[in-house]
Amino acid sequence: MSNGDIFVGEIIGTAILILFGAGVCAAVTLRYSKARASGWVVIAFGWGFGVLAGAYTAAPLSGGHLNPAVTLGIAVDTGEWGKVWIYVLGQFVGAMIGAVLCYLTYFAQFQANVRKTGTTEGTADEPVPTLGIFSTIPEIRHPVANLVTEIIATVGLVLPILAFGLTEGLGESGTLVLIVSLLVVGIGLSLGGPTGYAINPTRDLGPRIVHTFLPIPNKGTSDWGYAWIPVVGPLIGGALAGLVYNLAF
Amino acid sequence: MSNGDIFVGEIIGTAILILFGAGVCAAVTLRYSKARASGWVVIAFGWGFGVLAGAYTAAPLSGGHLNPAVTLGIAVDTGEWGKVWIYVLGQFVGAMIGAVLCYLTYFAQFQANVRKTGTTEGTADEPVPTLGIFSTIPEIRHPVANLVTEIIATVGLVLPILAFGLTEGLGESGTLVLIVSLLVVGIGLSLGGPTGYAINPTRDLGPRIVHTFLPIPNKGTSDWGYAWIPVVGPLIGGALAGLVYNLAF
Amino acid sequence: MSNGDIFVGEIIGTAILILFGAGVCAAVTLRYSKARASGWVVIAFGWGFGVLAGAYTAAPLSGGHLNPAVTLGIAVDTGEWGKVWIYVLGQFVGAMIGAVLCYLTYFAQFQANVRKTGTTEGTADEPVPTLGIFSTIPEIRHPVANLVTEIIATVGLVLPILAFGLTEGLGESGTLVLIVSLLVVGIGLSLGGPTGYAINPTRDLGPRIVHTFLPIPNKGTSDWGYAWIPVVGPLIGGALAGLVYNLAF
Amino acid sequence: MSNGDIFVGEIIGTAILILFGAGVCAAVTLRYSKARASGWVVIAFGWGFGVLAGAYTAAPLSGGHLNPAVTLGIAVDTGEWGKVWIYVLGQFVGAMIGAVLCYLTYFAQFQANVRKTGTTEGTADEPVPTLGIFSTIPEIRHPVANLVTEIIATVGLVLPILAFGLTEGLGESGTLVLIVSLLVVGIGLSLGGPTGYAINPTRDLGPRIVHTFLPIPNKGTSDWGYAWIPVVGPLIGGALAGLVYNLAF
């Protein structure tokens, strides 16, 4: 795979991932969305099928990492670091594009975040905080516990991904990405409760930057004090998964 | 594939798609349905598995496009326009047949839309509007924003479909249609909030015509003022996806 | 496949199907079940994965029809009628065994259907009707409409099943049964609203006989007046699907 | 497969299974979790995708049993008992590790089980019992009925697993584990109502031991009086499935 293909593939793939992932959070969070308040199962499947859409699209160009933690885990395992920066750069650019696309998709809903009309959700005068659509927010703010949650959840993502390729008939077939996307659904359902499962540094940081600059009415805080945890935790988790994989398999 | 096979395949496949898709909207919307008020996750999976049912059935005859936006995206990419009209005509006829089949399946429920009995859903005297079973209705009426939503959501459908065929071992296997149907579930969950995701001109226009003429008690408006958006938006999105694919892959 | 293998395969497969299918209805319906009131999405996926469990188990012995409508559709298409009676007999015996297994699995819950304790569901003194766990009940009793619903839903099951085998790489692989089970989830979500989707004569008749004789406290009516519809409707639908398939493909 | 590979594979795979499975119970049960009160469908898919994650990871090392009932069923069928103890020991160690990882993932949530703040769930002063996160609790305490439920549900797991391998093109491909994980979703939806479906001795016993010793505030009883049922029931079920398989196939 050429550097150009990798760069373009990761941009397109991560943009689709974040469009779907931020999209499902917008769908569930915002008033005047048909999916409002439709629950955690919708969030988890939305993100998982975002991985399916993005990774299958990117696969022929870049292999479809879409996540620096995955790229790091592979690099730690294989020892090949030369193209890591191209992957991560593409993922970062793609994540920001995806966040903007989500904003455009839900443009009228974001604008209506100030509208004062009778509504069954919450108080009409009270706008919905919007950061949770773009980036993760912990339920309980506890840096060490939040970091541990992100590390474990990321190991739960990257270690299986590394191992899946060894299953006879899976690594060579198109079924692999499907399995990974269902794995991501599973991580969301099972391990997403405490922090909202970033498990991907660019998934959280890129959209947080976009959130900071977008002209959303009453958007609320971008919460930069928490921003390091969904970056550092997944990186530790990805590297740890690469080490465990190298040791055990 | 012969013209006759394409025509018959697209009719049968699109009829099944709309039977399932309009069916799940009827199931969730109508009183006296066992699935009433069962939420967005049911809508999204119902439409997705409608694609699964219709596209696998049509696949051996026509390849199973079932959507002018998909047909257009492929034509823009390949430059082959000769059979586009057969595909679209079949899709259009099929969509109308599917809408009639949905009406027949839920016949007693549609008739009961005037019945005045004690019920836990809403006021007994107030019939449910029925257009949302057949065609899409935006949550916030904002032509530009609605159009942008449909364009982005359709790119999110057609670009991955074009790219999926490149994944080693997927394009040649029967797994491809399964992935596309889960992609459609994902689009519903993530991008369906603002407009109800037509992402397919015949899916919206065919059933809207049927809704206009069907003798449903208290059926409410067929909302022809909005009808152009779910036709034009998906066509722009499909063409755009073909262009991006041609450029990037 | 020998007659003995077919008979044993259909018994085991249909018993598993009904154990899962009646089981999920018990899970959602009965008080003192962890899944009580968990909604239509649980019903639809429970039945679909019952098909997955039963059909994959039966596949190596009998091909895993588990449904006289499927067996009939295949016979109408191929013209081979010699083994139809073995299939149907096995399906019938299996359906009754499965219903008994469901009763045993939920034994304590069925017994507790008379228990008078404080509970959040309904009035404690009012037992839950149990027929809906074993057989289908229409939301609106309208013989013609109910029959039409069962016919259309069964065509929506059998026509795709017949066509799926033609998809390159699907008919020969183990993925076929997975697709069929997701198709059944889709039928449940989309077409199950009016009658509870029997789409299978033995699935409804076998458990109804078992319900008639089982010593369940306060079990309520077995509703034999409706029993012919979920038998005749699916048989018409299966034959119709065989004819359409033969004509169109 | 060497003894060492089997041991390591079963430890890693079962640890992942329990991390996801106990994790989803924590996600739904605990206050201050984003998935709290999100219902049975989340539980069932969480455990199923835990099987997917754990079994695909373990597959290249040990084949991915992750369950003494599966190991027993295979041994009863094949007559090969030499490596059973290695499998079971690895499963047991893995289950305890997984339970500890779940505790660490939800550390802040477990600590907050005493926090007295305004909350919409229950009374703020009343902590949530935590045993249900680690081990199973019957809805109705009835040893014979509970045992029968676990036996039938385990036959419903192990008999299909044994038979799935015979489906042409499934046993040799990577799709097999996917099917098994959806089977586990199905068992949860359909047969989990009465006892919470242990269907796996180590899945219940390992985490129960961990629950007994973990310093969780207000954790409630570890309910050792019930502990034998989710061990004995699945073992009987696994052996029974092996016998039926041997007889019928």
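Letters A, B, C and D mark the chains in the order given here, with residues in each chain numbered from 1 onward.
Everything that follows uses one rule, which is that a residue touches a chain if its C-beta (ideal position, glycine included) is under 8 Å from a C-beta of that chain, and two chains touch if they have at least 3 such contacts.
Predicted model, so just to flag it, every value in this text is computed and none were measured.
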- [ ] Chains touching subunit A and subunit B alike, please list them.
- [x] none
Open item on the list: Suppose each chain is reduced to the average of its Cα coordinates; what separation in Å results between subunit A and subunit C?
Closed with: 39
Open item on the list: So the centre of each chain is just the mean of its C-alpha atoms; given that, what is the distance between subunit A and subunit D in Å?
Closed with: 28
Open item on the list: If I count partner chains per residue in subunit B, which residues reach a count of at least 2?
Closed with: 39, 41, 173, 175, 178
TODO: Please give all chain pairs that are in touch with each other.
DONE: A-B, A-D, B-C, C-D
Task: subunit C to subunit B touching residues, read off their complex - done: 39-41, 43-44, 138-140, 142, 145-146, 148-149, 152-153, 156, 159-160, 163-164, 166-171, 173, 175-176, 178-179, 182-183, 185-187, 189-194, 196, 244, 248-249
Open item on the list: Show me the residue ranges of subunit B that touch subunit C in the complex, using the header's touch definition.
Closed with: 8, 12, 16, 19-21, 23-24, 26-27, 30, 32-36, 38-39, 41-42, 45-46, 48-50, 52-53, 56-61, 101, 104-109, 111-112, 172-175, 177-178, 181
